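For clarity, chains are labelled A, B, C and D in written order, and residue numbers in each chain start from 1.
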Amino acid sequence: MPDQLIPTSAVLGAWVATGLTLFIYSFLYKDNPLFKLGEHLYVGVSIGYSVVLVWYTVFFRLLWEPLMKDIAAHPAALGTYEPVIPALLGLLILTQFFPRLSWLSRIAFAFIVGFGSGVAIPRTVSSYILKQIEDTVTPLITMSANGLSMGVDLASPQSGINTIILLIGVVSVLFYFFFSVEHTGPGMVTARTGIYFLMIAFGAAFGYTVMSRMSLLIGRFRDLITFAGAEYGYATPVLLLVTVLSLAAWELATRRKTGGE
Amino acid sequence: MKGSLKDLARRMIAIDRRIIFLLIACATLLPLLNPFGLPIKVSPEVKAVYDYMEALPERSVFLLSFDFDPSSKPELEPQAVALLRHAFRKNLRVIVMTHWITGTGLADGVVSQVAAETGKTRGKDYVFLGWAPGGYALIISMGQDLYKAFPSDYSKTPTLGMPVLEGVRNLRDVNYMVSLAAGGAGIEMWYVFGKDKYRFEMAGGSTGVIAPGLYPFLRSGQINGLIGGLQGAAEYETLIGRKGMAVAGMDAQSATHFVIIILVVLCNVFYFVLRGDKGKKA
Amino acid sequence: MILAPLFFFLLLIGGPAFAGPPTSPEGFRVLDTPNDAGKSLSLVWKAAPSDSKDRTVQVWVAKSPPAAFQKVAEFPSNTRYVRTGDFPWWAQPAGKGDHYLKLPSSPAFPITDGKPYAVKLLIREGAQDVWSEAAEGVSAPNYFNTAQVNNLVFVLAFTGVLLGSIAAARRNPHVYLRRIAGLDAVEEAIGRSTEMGRPILYLTGSGGMSDVSTIAATVILGQVAKKVAHYETTLKVPHRDPIVMAVCREIVKEAYVEAGRPDAFKEDINFFITDDQFSYTAAVDGIMLREKPAANFFMGSYFAESLLLTETGASTGAIQIAGTDSDHQLPFFVTTCDYTLIGEELYAASAYLSREPVLVGTLRGQDFSKAFIMGVMVIGTALATVGVMLQTDAFNYFLDLFRDFK
Amino acid sequence: MIFLKRQLPLAITFVMGVAFALQYYIPHPVSEEAITKVSDWMKIISGFALVLGIASVFHVHAVKIRRQAPGWGYSGVLFAAIVTTMAVGFWSGGESKADGGQTAFGWLYDYTMVPLQGTMFSILAFFIASAAYRAFRARSPEASVLLVSAVVVMMGRVPLGQTLLPGMQISIGQFIFKIPGAWDITQWLMNVLNSAVRRAILIGVSMGSVGLSLKIILGKERSYLGGGKDQ
């Protein structure tokens, strides 16, 4: 492969990215100034980024541009000025900063929360309750040319046996979250079943999450490996050394300080 | 002899966790530097997404929503790349957007890169709409009128009249939709406020953290397929026959999983050694 | 069972002879598509025994009064039936087994509301074809989606149950609620902190004041604060949301007054750190490592920070009690904390401890509804199975009530 | 005044809530138009709400710097980062790409934001390993079940586990026995057992959230208005 020249900005970027990555990883040793520096930079950059995007997307593209266009087209029409209503409501939210006027923000909150609650109710019932009941309530047996049969293949999620297991699981877990009766007698058996189901699901989720977190680590390590190359000026090894040395210096300094007290 | 065993167990169980950190770092690093390439098995839930895409006729409208930000990039970017490669290869019209403000730059980068490598042009074969606020409210408004929800795309080109959006008025004209989600504003929101009402077929791609919670929706057919985490991405890469970042990462994934499993087994061995001890004292 | 192969046999032998020339469809009607926003018509006609894949149906439409008819659809005559599950029994556009076709407005043939349209069917088999009578229909937008009436009834019934149980709880807030295991540990944890002379750390999660879990967390905080005031232990509550902090300050103050120790209350029990996830986590971890609280409480909703918090807490040897409805984080709380209130147990705990009528009533109302849903699932599965055995649709009168229709 | 401060917000919540709950059942175009319009408004209002969040961070750190509270230097770093990003962003016109090349804004995003955010979360990889080592002990039957299911899924989700524990078929005479591998068990765990639990939790939590929404609309739950006091 011929040597491809990497632009200076990318090399510089590699150094910055590597440095910041290592600063954050220094938290694994313990909380330290390098980590705090990286962390505050992170918060700062993401806030700055959001401000810029909100400005261009909300105020410019959704509010200002359509409004100006409509005003130019039909300055007299009432509908033209309609985007002013949400803008006013939005301004009401900002009264939060002025304690004497902050009650005004309640009007805006009432608007948002009222709309959100109203919109959510029928949709939640439809997608999260009725649809879920519908899929749980299925016949355990099927009718085919050979007559009635019940699927016992565990590997097929829709088989009769799995339908029964699913039903037992859903009902016993729901029962575990039932607070009006004591868990004794048959209730206890059901609730215990529910707990076992819960624990299996939590275990599975834990296993799945391990995968997720490890992927993130793999992604970061891959970048570090790329940036360790000669074309990036050996950013990773150099900065790793710098980080370790600074940590050691910091550790020494704090020890001396606490030792002196 | 027995006492020393218990001593060892006691010491091992209270081991400095930084040693574990080091083990994990090695288990990740070594396979990345020296991959061993194990075969990838494809699950039915990933196959379902692939099959549906495969069956779509040319120039169908495919909407891909990047509902994540850089914090989940290593998991979801490979999924996005694989899906986009597949869509472009099938000559679908691709619409890309994001609900997460901090994911905007990432989404833009991924789409431009994949489009460039497959020779697709912005505005004709695909469009990146960018980010808009509102979450579920944005989906409702896209369901009624796409051009009101996104008057212009990310590069400030007006969306109305774009060749890629020809004949697309709203979400009802979308043939297939995939939400790549890392959390709250994602797959479930797209189902409840989008698919449920505007009747397009959809699937989900998610991080490993939220994937288990999406299985009930998969069962009930609310989503027709699910790509879960890096393994899901690796499966999709295998299906389209272009191994990429995900397949390359799976060896490291295998190694770290086994380190953790060995740690768990060891921890239980030490625990049982110590437990016998307590039993005697009681 | 014996009949089936026989029938098949007959079809095979007698198929062509049976079919004969295509006949005009019976009972052909055009109606406004029910339960929609308009701009669409529905066609209904009776199924014929001679329908087959070789016989096709063409749909021809014209603006009335008859302009030229134009073809808009074509399909085999043994498709487009009303199937079980498409429509609930209370909103069937046609009888079961009839043909049903929805004809939406399209660029090729736009349909306008309020205008009459004439529709004809052309049945064709081989070279022979026959026209149906023309039928007329008018499309209109509807004001109510009758197919979703079960959803509305569910919402109204739930509202009724909820209001009823809240009213009942107002009369008697001490209705029976089962004991929740994790709650016994609360007292123990506070006692231990007192003995060791170390503080108690209480987190209310990352949610705002409109989260159910945050509300529950603040209610439980009130009860914990009461006991803390009683034992004269130190309490620390770091916050991520200024509004939640303001609410908690009031709650803790009230708790101290109720415990008879208003003098011990300090404003800085509740303090704000930052709203950023990881800065907050790092700061709380710092507090754990420096001040070594004897008990950590994690109530409310959490995200990825959960493990960073509980792992650090565990390394300091504190008793850890968690309660959250963030199901994706529950595995970590369950594995790293001594006690965990799982999901709704968090809401229940707040009702149990405070005996606030609205909370107790809500919990009871949800229990009633949950019992109802459990019953529906068990009975429904049984009926659906029996339905398959007896080959009857009679049970759909019950089952359709709990399906999600559009 | 008390009307404006307490009654009016409650009335607005009630009217908005009832109207948009009923909207769902009304297919008429007028109702569709109403929800679209208000959704468009919500997008603009949520833009302002973001300003609120951003401003409160500004406020917190400004106070820290003014009081020179411990670690105020980091607040200075944070401010510098915000201001720099904003300046670069506005200078680049909010674009991360221009004329095929990367703008300074795009550079800042790619080389600071992306690695910082990704690294922050990847730290969890280490913590999850140490949590597994410390906490996964077969203390009780429940803990054992959790442990076993976690280990099985960890095996089944990676190629190494799938290779080491493949499924097998043994035929004895005419009977064929299938021995499931780690992958098959994982599929079954996820599709059946996990689905059952998630579905139950989903139904329970949904009833909780519908209950809360109803209480908010009916004015029985007011904490979202902030504080208990009418000032």
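Methods note: contacts are C-beta pairs under 8 Å (C-beta built on N, C-alpha and C of every residue); 3 or more make two chains touch, one makes a residue touch a chain.
Bear in mind that the values here come from a model prediction, so they are computed numbers and not experimental data.
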Original post:
Out of curiosity, which chains are bumping into both subunit A and subunit C?
Top reply: B, D
Original post:
What pair of chains has the most C-beta pairs in contact?
Top reply: A-D
Original post:
How many Å are there between the centre of subunit B and the centre of subunit D, using C-alpha atoms for each centre?
Top reply: 14
Original post:
Distance-wise, how many Å sit between the C-alpha centres of subunit A and subunit D, to the nearest whole number?
Top reply: 3
Subject >> Centroid distance [mean C-alpha coordinates] between subunit C and subunit B, Å >> reply: 24
Subject >> subunit C residues counted as touching two or more neighbouring chains >> reply: 148, 151-152, 155, 158, 210, 274, 276, 278, 304, 327-328, 331-332, 334-335, 343-344, 370, 373
Original post:
Which residues of subunit B are in contact with two or more other chains?
Top reply: 17, 21, 24-25, 28, 71-74, 101-102, 104-105, 132-133, 156, 196, 208-209, 212-213, 216, 219, 229, 231, 253, 256-257, 260
Subject >> Shared-contact residues (touching 2 or more other chains) in subunit A >> reply: 27-28, 36, 39-40, 42-43, 46, 49-50, 53-54, 57-58, 62, 113, 119, 121-129, 131-134, 136, 157, 166-167, 170-171, 174, 177, 198-199, 201-206, 208-211, 213-214, 216-217, 219-220
Original post:
Considering the complex alone, what residue numbers of subunit B touch subunit A?
Top reply: 18, 21, 24-25, 28-29, 32-33, 71-75, 77, 101-102, 104-105, 130-133, 136, 151-152, 156, 188, 191-193, 196, 207-209, 211-213, 216, 219-222, 228-231, 245, 249, 252-253, 256-257, 260
Original post:
Which residues of subunit B touch subunit C in their complex?
Top reply: 17, 183, 196, 199, 209-210, 212-213
Original post:
Residues of subunit B touching subunit D in their complex?
Top reply: 15, 17, 20-21, 23-25, 28, 38-41, 43-44, 69-74, 101-102, 104-106, 108-109, 112, 132-135, 137-138, 140-141, 144-145, 148-149, 155-156, 208, 212-213, 215-216, 218-219, 229, 231, 250-251, 253-261, 263-264, 266-268, 271-272
Subject >> Complex interface listing, subunit D residues touching subunit C >> reply: 21, 24-29, 32, 53, 56-57, 60, 120-121, 123-124, 127-128, 130-132, 134-136, 146, 150, 198, 201, 203-205, 207-212, 214-216, 218, 220-221, 223-224, 226-229
**OP:** Would you pull the subunit A residues touching subunit D in the complex into a rising list?
**Re:** 9, 12-14, 16-18, 20-21, 24-25, 27-28, 36-59, 62-63, 82-83, 85-87, 89-91, 93-94, 96-97, 99, 103, 106-125, 128-129, 132-133, 136, 154-155, 157, 162, 165-171, 173-174, 177, 194-211, 213-214, 216-217, 219-220, 223
